[in-house]
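The following pair of complexes shares a single chain, chain A, combined with chain B in the former and chain C in the latter.
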Partner chain A sequence: MTAVTQGATPLVAVEGLAVRYRGSPEVLREIRFSVAAGDTVGICGESGSGKSTLLRALLGLVPIARGTVRWHGRELAGFRAADWSRLRRCAQLVFQDPFASLDPRMRIAAILAEPLDVHRSDLDRPARQARVAAQLTRVGLDANVLTRFPHELSGGQCQRVGIARAMILEPEVLVCDEPVSALDVSIQAQIIGLLATLQREAGTTLILVSHNLAVVRRLCRRVIVMQGGRIVEEGEAKDVLSAPRHAYTRQLLASIPEVPRSPPVAQGS
Partner chain B sequence: MAGSIPASVGSERPRRRVAVIAAWLLVALCALAFAAPLLTPHAPDTIDLANATSVPAMQGSHAWGTDRLGRDVFARTMQGLRVSLLMGLAAALASVAIGTSWGAIAGYAGGRAGAAMMRIVDVLYALPYVFLVIILATVFERGNVLVLLIAIASVGWLTTARIVRGQTLALRQREFVEAARAMGVPTWRILVRHVLPNVAGPVIAYATLTVPQMILYESFLSFLGLGVQEPLASLGSLVSEGARDMEVAPWLLVAPATCLAAVTLLLNLVGDGLRDAFDPRTPS
Partner chain C sequence: MPSIPAPLLELRRFFVRFRAGGDSIEAVAGVTLTVARGECIGIVGESGAGKSQLLLAPFRLAASRAEVGGEAMLAGQDLLALEERALDRIRGAHVGFVFQDPMSTLTPHRTIGAQLVEVLEHHGRARGASARASAQALLARAGIDAPARRIGQYPHELSGGQRQRVAIALALACEPELLIADEPTTALDVTVQAGILAMLDGEKHTGRLAIALVSHDFGVVSRLAQRVYVMYAGRIVEQGPTDVLTRSPAHPYTAALLACIPRMDDPLEMPLEAIPGQPPDPRALPTGCAFHPRCPRADERCRTEVPVLAPGGARAVACHHPLRS
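Up next, the complex of A and B:
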């Protein structure tokens, strides 16, 4: 996986990617970009621009029509069972809807232990429980949530559980699909702060999809702007968001009235 | 119509009470069936020709009368009830187990494999049930309890499979299942840990409705003479016997028929109550 061929192999590289769902035109066309290990990349665009599909294609969760996705230089199409297992372990996903992404019939303790049950069978039960407890503290939740069910928690608490579940395997890359857009504005800032702290502490690569440019500016060094299944602009977040070259990016920026000037602080308190 | 109360709201609480009362009556009936050997000195298969076809009477030891071989009707009916309950329960368990696995796998696999699995269900649905059972009963030993169970369960699982498949198809689209996939949870584990617990509610409710259905299937077969054989009795075979002597000894029909009606009615009431309780759309 870490074989260095020419210079540093990017963590993930996408080339000429196209995705189509059955009976519909292509949702993604000619997507090309790469993400270096440790980088933070935001993918912006209005709803229907293919952002979420792109994330799922990266992780091999939707079938690829054309093009390639390479993780550490290895193509997704040629993955064997062991490669899949490694990808599922080192790339973790945080979802938009914090309630829907947690099994309503499982207690929080079981939800958080599941990644360890699947990937860390080398750890014994007390060691797994210790990790669950440590992770809970890291995301700012109290130990008494462990025995609760998702519907007994608030949206913000559920999203913290979702983030804890994603971080518990100490992944190389955290993939977030609109991680705050289902939350109250006041909770959004807390969750963004939490993601920023976790990313900084662990040096995790972050790939984040959001239609909210303020979120992207706060969390990401680079930004990719998508429209109609294509990438229309790409660059450092501070350049793209302060001096957009593409008309669509300008339009996107203008359509969000509360994008703060500098310093970039998330909306709400 | 702001402020008006929907008509259904008022009817919910009595319905739940009916289900609870039905559950208790069912428990009492089952207790009676299994305690019956302690309550009567007569064994269900003791022939006593001296006391043949005696009329039910409070005095004397045959409170529910005797049949034309002098066997105690109470003891025989209770034995029939036990056999019917156990057969119904076993057949329902078997069909729920088969139907749930089949439906969950078909729903989760989706695509061609899932469609093929459901076409098999459609074909079995289309086969006439009695025809299938008669073939099974002729090919194998007639009245063999195991063959009878297989025959009943082989039609019983079809509806469960359809229900579970529908639920699984819906669950597969849910984010928590996608989360499990993205996390690398193996498919069998997704089915066992995430899909099955989330379909358990409707399945349990439906299973309760399956038991009386299975009892009726079994009774129907026994009525036709394809079910349990003498000296063993089920409610169906007793009704069949009683119907023969209806003019001279109506009590031979009344006792098992009443029991059959009571047990299926109670099970249906309990099943309806459970279905309502598990249905999130039911106002509570």
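Up next, the complex of A and C:
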């Protein structure tokens, strides 16, 4: 990517996108939006509204029925092998299920080194190991997890590994599909904090799917609301979430069960 | 003078132990809990805290190799002494169960109508045409649209939210006195969840149904429950009226659980107050107060002495240094 193409061209731009799975009606229709480099975008909406499908379409993992997806102005349809390889490197994924997303037969050290082995053969072994160690520290894991297998870790630790693996290539964009919804509430807050810190420090673009609006509000500047395969509302999170225009967004906001706020007390003695 | 009615469900010093390899795991360590008729209680805590074991083991729905003890009474009957046949009558007829995954109570290859009719007939509530009519009425009551058509459908033809409504209809078919709902909305999206919580709230307001609601989400519990039990590592660490606990928690864990939930009115410049560390491994519980490795107030006493649940006003709290007394 040259500096010239980066300026005004969005990192990723979607136009008139429609997707259908084999034998199904269209699950995405007339999707149009773009994400600027360094921006943070949350996608929310009801179950089955097409959020995960949209992420797959962005990454070229489902066939596109109509419309275009462009990365740095270049259309996915015209991608060659080198473009795919670059996309696989610059866009990294974090999934909902922390266990299922890690290879159960591999030790954590190998899981973390794998992306470097594939994409950074220019680095020698000690350099790769140093990166693994540094990444581990950044996500708040102890070096003793390196020799363990995924099933020997807790859900929160696995999700930290998943995030470390995704960030190890210093991707331009981190794509997260419900990264905290399978975790305990106390662990959710840790992972949300971690994602916020990593995003801020590295300036990584963040595209995050979450049905939890409070999570989106924490991590994203912009929000896209989906219903029935369409985008029904889009805008800055602070506007959409405080003054929603679409009836569905209002319903979504009204559905959040929140506890009355308790007055702060001093923790620690 | 009216006497205080006996609770519907009463657990005293109730415990559930497992043997896993050479380890002995105490999933529930001496819990005392009551549910009055028509009351909704909530049980909150992280995964592995023992919430499900606490409510399922009294009805022998816990893992088969569990050792269960203490006292468990339902409407004055000793559940632990009952024979399997008697317990079967209680499960379904007097106590209904709903789980996170509706398919754990629904059968995939039978129509919804057939499953409802079967429950009604099994417990001798209705037969034939009258059972079919009741089945349809139950679906309507559970908020299922077009019940006449749904009755002939299979579970896979319904959305996740509709399936959960059917599972609730099935649990309520015999008009039980108690509904045990274990994370009933955790797998659902928030608008569907709101619908189901409203429906359960409606059932509660008939005054005939008591609900014991298990959830890791304080928001869900506070929507329905009048009283909350907060559970950590197999023990109740705080209990009391929902609004007392949510507005002024006394146990550091209760406070931490409330503070770590992202909210729509959080000041964004403040980071979320995450609870450090993770829930303890039940095979290697910390000494003293099990929460001490994660607690900002922990001191030497906390590391050595198990705090007991001590009543104070409307609440009870198990902590050496509560935030309020």
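The rule is short, and it goes like this: the second predicted complex is superposed on the first by the 251 of 269 C-alpha atoms of A that agree within 3 Å, B and C clash if a C-alpha of one lies under 4 Å from a C-alpha of the other, contacts with A are read in each partner's own complex, and residues count from 1 in each chain.
The rule we apply is simple: a contact is a pair of C-beta atoms (placed from the backbone, for glycine too) under 8 Å apart; a residue touches a chain by one contact, two chains touch by 3 or more.
From a predicted model like this one, the values you see are computed outputs, not experimental measurements.
Undergrad: Which partner chains sit in contact with A:L123 here, chain B, chain C, both or neither? Use first/second/both/neither.
TA: A:L123 contacts neither chain B nor chain C.
Undergrad: Quick one: classify A:E114 as touching chain B (first), chain C (second), both or neither.
TA: first
Undergrad: Quick one: name whichever of chain B and chain C touches more residues of chain A.
TA: In the superposed model, C touches more residues of chain A.
Undergrad: Name the contact category of A:L102: first (chain B only), second (chain C only), both, or neither.
TA: first
Undergrad: Would you check which partner chain A:A133 touches, where first means chain B only, second means chain C only, and both and neither mean what they say?
TA: In the superposition, A:A133 touches no partner, neither chain B nor chain C.
Undergrad: For A:A37, is the partner it touches chain B (first), chain C (second), both, or none of the two (neither)?
TA: In the superposition, A:A37 touches no partner, neither chain B nor chain C.
Undergrad: Which holds for A:L241: it touches chain B only (first), chain C only (second), both, or neither?
TA: Second partner only.
Undergrad: Does the superposition put A:A214 against chain B (first), chain C (second), both, or neither?
TA: Only chain C is touched by A:A214; chain B is not.
Undergrad: Taking the two structures together, which residues of chain A meet both chain B and chain C?
TA: On chain A, no residue contacts both chain B in one structure and chain C in the other.
Undergrad: Give every residue of chain B touching chain A within the complex, in rising order.
TA: Listed in rising order, the residues of chain B that touch chain A are 174-176, 178-186, 189, 193-194, 197-198, 200.
Undergrad: How about chain C: which of its residues touch chain A in the complex?
TA: Listed in rising order, the residues are 46-47, 159-161, 188-194, 197, 216-220, 222-223, 243, 246-249, 252, 255-258, 260-266, 268, 271-276, 278-279, 296-297, 299, 321, 323-324.
Undergrad: Across the complex, what residues on chain A touch chain C?
TA: 46-48, 154-157, 184-190, 192-193, 196, 211-215, 217-218, 241, 251-263, 265-269
Undergrad: Under the touch definition given earlier, write down the residues of chain A that touch chain B in their complex.
TA: Of all residues in chain A, those touching chain B are 59, 61, 84-85, 87-89, 92-93, 95-97, 100-106, 114-115, 118-119, 162, 165.
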